[in-house]
Amino acid sequence: MNQSSINQLQLGFIGLGRMGAAMVRRIQQAGVSCVVYDQNAAIRQQLPGSVIFNSSLEELVKNMKAPRHIWLMLPAAVVDSVIAQLKPLLEKGDTLIDGGNSHFTEDIRRANALKAEGIHYMDVGVSGGVWGEERGYCQMIGGPKDHYEYLEPVFRALAPGADAAPRTEGNKGEPSPAEQGYLHCGPSGAGHFVKMVHNGIEYGLMAAYAEGLNILKHADQGLNPVAADAETAPLEHPEYYQYKLPVGEISELWRRGSVVGSWLLDLIAQEMHQSPDLENYAGRISDSGEGRWTSTAAIDLGVPAPVLTSALYSRFASRGNDLFADRVQSAMRHAFGGHKEKAADQGESE
Amino acid sequence: MNQSSINQLQLGFIGLGRMGAAMVRRIQQAGVSCVVYDQNAAIRQQLPGSVIFNSSLEELVKNMKAPRHIWLMLPAAVVDSVIAQLKPLLEKGDTLIDGGNSHFTEDIRRANALKAEGIHYMDVGVSGGVWGEERGYCQMIGGPKDHYEYLEPVFRALAPGADAAPRTEGNKGEPSPAEQGYLHCGPSGAGHFVKMVHNGIEYGLMAAYAEGLNILKHADQGLNPVAADAETAPLEHPEYYQYKLPVGEISELWRRGSVVGSWLLDLIAQEMHQSPDLENYAGRISDSGEGRWTSTAAIDLGVPAPVLTSALYSRFASRGNDLFADRVQSAMRHAFGGHKEKAADQGESE
Amino acid sequence: MNQSSINQLQLGFIGLGRMGAAMVRRIQQAGVSCVVYDQNAAIRQQLPGSVIFNSSLEELVKNMKAPRHIWLMLPAAVVDSVIAQLKPLLEKGDTLIDGGNSHFTEDIRRANALKAEGIHYMDVGVSGGVWGEERGYCQMIGGPKDHYEYLEPVFRALAPGADAAPRTEGNKGEPSPAEQGYLHCGPSGAGHFVKMVHNGIEYGLMAAYAEGLNILKHADQGLNPVAADAETAPLEHPEYYQYKLPVGEISELWRRGSVVGSWLLDLIAQEMHQSPDLENYAGRISDSGEGRWTSTAAIDLGVPAPVLTSALYSRFASRGNDLFADRVQSAMRHAFGGHKEKAADQGESE
Amino acid sequence: MNQSSINQLQLGFIGLGRMGAAMVRRIQQAGVSCVVYDQNAAIRQQLPGSVIFNSSLEELVKNMKAPRHIWLMLPAAVVDSVIAQLKPLLEKGDTLIDGGNSHFTEDIRRANALKAEGIHYMDVGVSGGVWGEERGYCQMIGGPKDHYEYLEPVFRALAPGADAAPRTEGNKGEPSPAEQGYLHCGPSGAGHFVKMVHNGIEYGLMAAYAEGLNILKHADQGLNPVAADAETAPLEHPEYYQYKLPVGEISELWRRGSVVGSWLLDLIAQEMHQSPDLENYAGRISDSGEGRWTSTAAIDLGVPAPVLTSALYSRFASRGNDLFADRVQSAMRHAFGGHKEKAADQGESE
């Protein structure tokens, strides 16, 4: 598609949170006309003047020519109610695009329901977070192929572009969409399915770094050996664990030339540069759905995902949800061996 | 071996903690003469008058006729120093028996070192805890076969006996040692190796019950749904989780007729009968070595043990040793998405 | 309830598979009149003559006096279609009891749907397998309290009774239902919810034993050390792993006096008595739903269940479902280090 | 250090495998004089003419001026024997550097033993694999600080340099060693300790990607639903799993703008570009020690590492080492429920 046909493209956009506003700036700058709405009118100040800001959904729909393409960038919990408000305003042939974090089964349900009314539905999993405006957004797209093709200039505008990573050896010619950072993955739900697994992997990657750095952090344990008792295994070889390792510098080190280099590691190095002990964080790790859904999909499919689910469970445990299970085990120890929690006893045996 | 030859058997015994004293009572009652020592002389009151109590290791050795068989029931950390004290007092042909919780590699080392001095060494893994005096002790034995045979009356006296469990279909005749609750497992270290794995399994069993009961405990979560935010996945179907389950009664229920019945479950039911919420336990689960060694052996051998090691790691986490790892992950979440720990944000995406 | 009122109780029963037929025999023997149906008429031979066998659902309903109580003991996949056939035959006030392995959310759905027609619904999770006729069945019951009370004689007849396990210290008086082996756990779905978690625990217990026995089985690895190469970590201490352990006898041994004694261990000993190497089993472990649902419930609730889910994933892996994941990792190893699968290379480093 | 003092540096180097030879080329090119030996004399052809190749260890030592610094780049299994051969040839004040994959406890032992003879010892964990010649090598260094400083030009020559990654915000001035890709981590063993954990993390990262891609690969399972039976849980919602996802293209897609971008992902995309199904790999994943040691260190220290150890165990399972455990579970299923492996039964219940 050449620039002049891009310039004729018009995109509706609802939801101008931190991420949505940044996306609109990138899209508008590429020459696509954005017609937008957010309940917070103040957000208008953060958009280029050429973007058409509307004060209601009705106005937004009126200000667009049919067939309309409207991108929703909303918290998963409100998508359905916004769709319900939009539906009576739309015409047959219009298209809604959910760019948030919906569960892929919701996409299947919505696409079927909207199809009955002649409205098209696409799902786009978007990765990039607050860095996306600068780095571009990686987009995983599901829905009808022809609508994907129509919207390709939008996806391309949002994508990081081929230069964002060295080309894979053997690839030739014009960079493929995947090489630019967007991909039509399949029918309705495929985009959010791939995004879901992407986030599931992310949980595993994060936990892998975290566990390794935690081991490094404890490598000085032999310098302060705890007295042995029957309740806690003593450190058998304190002489091996006498290292006060510069964990923050190590995260910086691994960014260059090592096998574990990654964007997540870049972020760790950044955080540790500011505060090597990360004492500002209590360590209660939130989770926002996709990690859970990934494990649930693995279970549905009978596919083992021990690393991804371990990472998820560590998050649950970090929030204290293992307390009763831990009590049960302490109680059992007490019952069979007279073990008090952390109290010595001579010649005890289980 | 008939009763008269049992009556000629003499057993030295060092270490009269709660478990050691109980064992001596069982052995002496079977007709074996016990010659014992403990640094705490007051323990003498808890032994039958026929037991010969000594006030020093020297006295104990002197009060025994060669070849001596001396059972050590001591914390793993002091076994080596007691052996060092005993060695100059012993004669060629004497035998030491370690009934504590030594690592099997220590047994191999000690057996080799003592062999050079003409002293025999046996290792016995003993299960039964504080209940053993009543139920009998399950014994896993390593070391030279002929010494095992000589000491069989002792093992038999300690064992629960064949009646402690229904006979396995197809077994006939005189109950085998295994059917009575003791077994010669192999050469030096084999006893403690089998005991180590026994405890490794025990960790897995305990965690399995604990996790399941914890799920039951949380089954009322839908009654108090938490407001959704971008940081925590909300409960998608609060209508499914509205059960206030009687967890204590359920542990009692499963003891009869169900597939998960076990002695550990008996103990859980006992503890929950006293206190259904187990609020006396902080849930900091100790571990005393064997669970660690089991996982290390699995790793050495290249054998997967995900359940056993997960159980072990849950114990570590229950003591807060995952804190820095959790902080690393919270920090990463902050870095890529501007996620605050537990604070909402609109339309965020990873 | 005294025996004469029990004798007036009538129970319909549909589904006389191995388990259903055995249950009917137990119920009828307790004095409750059973009016039964199974599509396989030959099963009639295995029932007492006093049981009223019917050749159709219609006949069964006709042969019962209202209000009817009909127990379904069917594969989970056909329960809904049998209910659909029964519904037009039933009257307001009749009760259906699902004793199979339904997902608890199905119970909630069915109870609501049937309530609209004035029909009651109860769910009973039944444990005991093919041994239940002899041992009795452990029953976890959900649904309206008054119907539970009405049917209590049936539950009591099926249950193992208080003598099946030693009484928990502190319990007094008439044994409670839980002490007899049945329990009203809560409203619709509560019975199957508790049974689901029961099976989830069972998966964990089974895997714990299996992993431990597998370590024992490999303890002879040092007798046949593999040559070291850059692709496989050699056994660092072959001298530690020289034990040919009698795994079958060990499973027998642990049944008496040890902490890990359980009914599942009894079964392992039985199987290993017949064939110590279990070479008749290919090791493709099936799973039948409850283990999956338990992990999914844990994930829904944000409760960590690493042991239970690890056990589930091991089953998936035993059926080869990890193949592509393994290929991905071999491919990565090849890509970064020129590692061939299992082929040596000098001085390689990751 | 300026270039003229670099030019006076001389480095001995033993072990010119694929990695060693590449490292020598990089070092020599930076102006350090390399005096090398490998048992394979043909390797000489792959080195610059200015490198001094020797035909024996004796010759190598003779061709160096004291105090000598000799880098060993050898398989871990032969390091000790080469050190034993070198020791009588060396003089007090000489230094050995182990750049291979030794366990950090070996470093501690060797450093102590060599110190007694007046010889210094350093350990360097080197990451970069076959790509290091082009990308540079990430180096984690342990041993005496003054020797680290003396050898810094060598480390700097091998390192990727600061340009290999974007600078962390807030860093200023001359790039630190960590920013260039090498770091003095602490006393003897610290280098290999950090490298060990680096590889442990790598195992976790690899498994996270592999599990996620495996889920994507199975997302078409609903297109070929398996008939339900009592032994295998059927796919409850085949309508959700109808995606034939382009897994190879997805791995390419995620390289740009997404949170999971990394060097390992670059390699996956490369491998999948050549063969999307990776059918050339049998999926028997090797492991070469560091992953095991990482988990063992975590266990020693009482630090949970569920993700890293799960990844390790998946490798063990990929090689079939879970077989007996799987048989035990199939046998149990048979015993309690009459379950045949994969064979239907009606109304069965566990």
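Note that the chains are named A, B, C and D in the order they appear, and that numbering of residues resets to 1 at the start of each chain.
Criterion: a residue touches a chain if its C-beta (ideal position, glycine included) is under 8 Å from a C-beta of that chain, and two chains touch if they have at least 3 such contacts.
As the structure is a prediction and not an experimental result, all values here were calculated from the model.
Among the other chains, B has the CA centre that is most remote from the centre of subunit A. For the pair subunit B and subunit C, the distance between C-alpha centroids works out to 28 Å.
Here the spacing of subunit B and subunit D, counted between their Cα centres, is 37 Å. As a whole-number value, the distance joining the C-alpha centres of subunit C and subunit D reads 43 Å. Residue positions of subunit B touching 2 or more other chains: 127-129, 199, 202, 207, 209, 211, 214, 218, 233, 259, 264, 270, 287, 292, 300-306, 310, 313-314, 317, 321-322, 325, 336, 350. Taken as a contact graph, with one node per protein chain and an edge wherever two chains touch, the assembly is complete, since every chain touches every other chain.
Remark: subunit C residues 15, 17-20, 73-75, 77, 99-101, 126-131, 199, 202, 206-207, 209-211, 213-214, 217-218, 228, 230-234, 264, 267-268, 270-272, 278-279, 281-290, 292, 306, 310, 314-315, 317-318, 321-339, 341-342, 345-350 touch subunit D in the complex.
Of all residues in subunit D, only 259, 287, 292, 295-296, 299-306, 309-310, 312-314, 316-317, 319, 321-322, 325, 336, 350 touch subunit B in the complex they form. On subunit B, the positions that touch subunit C within their shared complex are 104-105, 108, 127-129, 132, 135-138, 140, 159-162, 164-166, 168-171, 176-183, 185-187, 189-190, 193-194, 197-205, 207-209, 211-212, 214-216, 218-219, 221, 233, 235-237, 239-246, 249-250, 252-266, 269-270, 273-274, 294, 297-298, 300-308, 310-311, 313-314.
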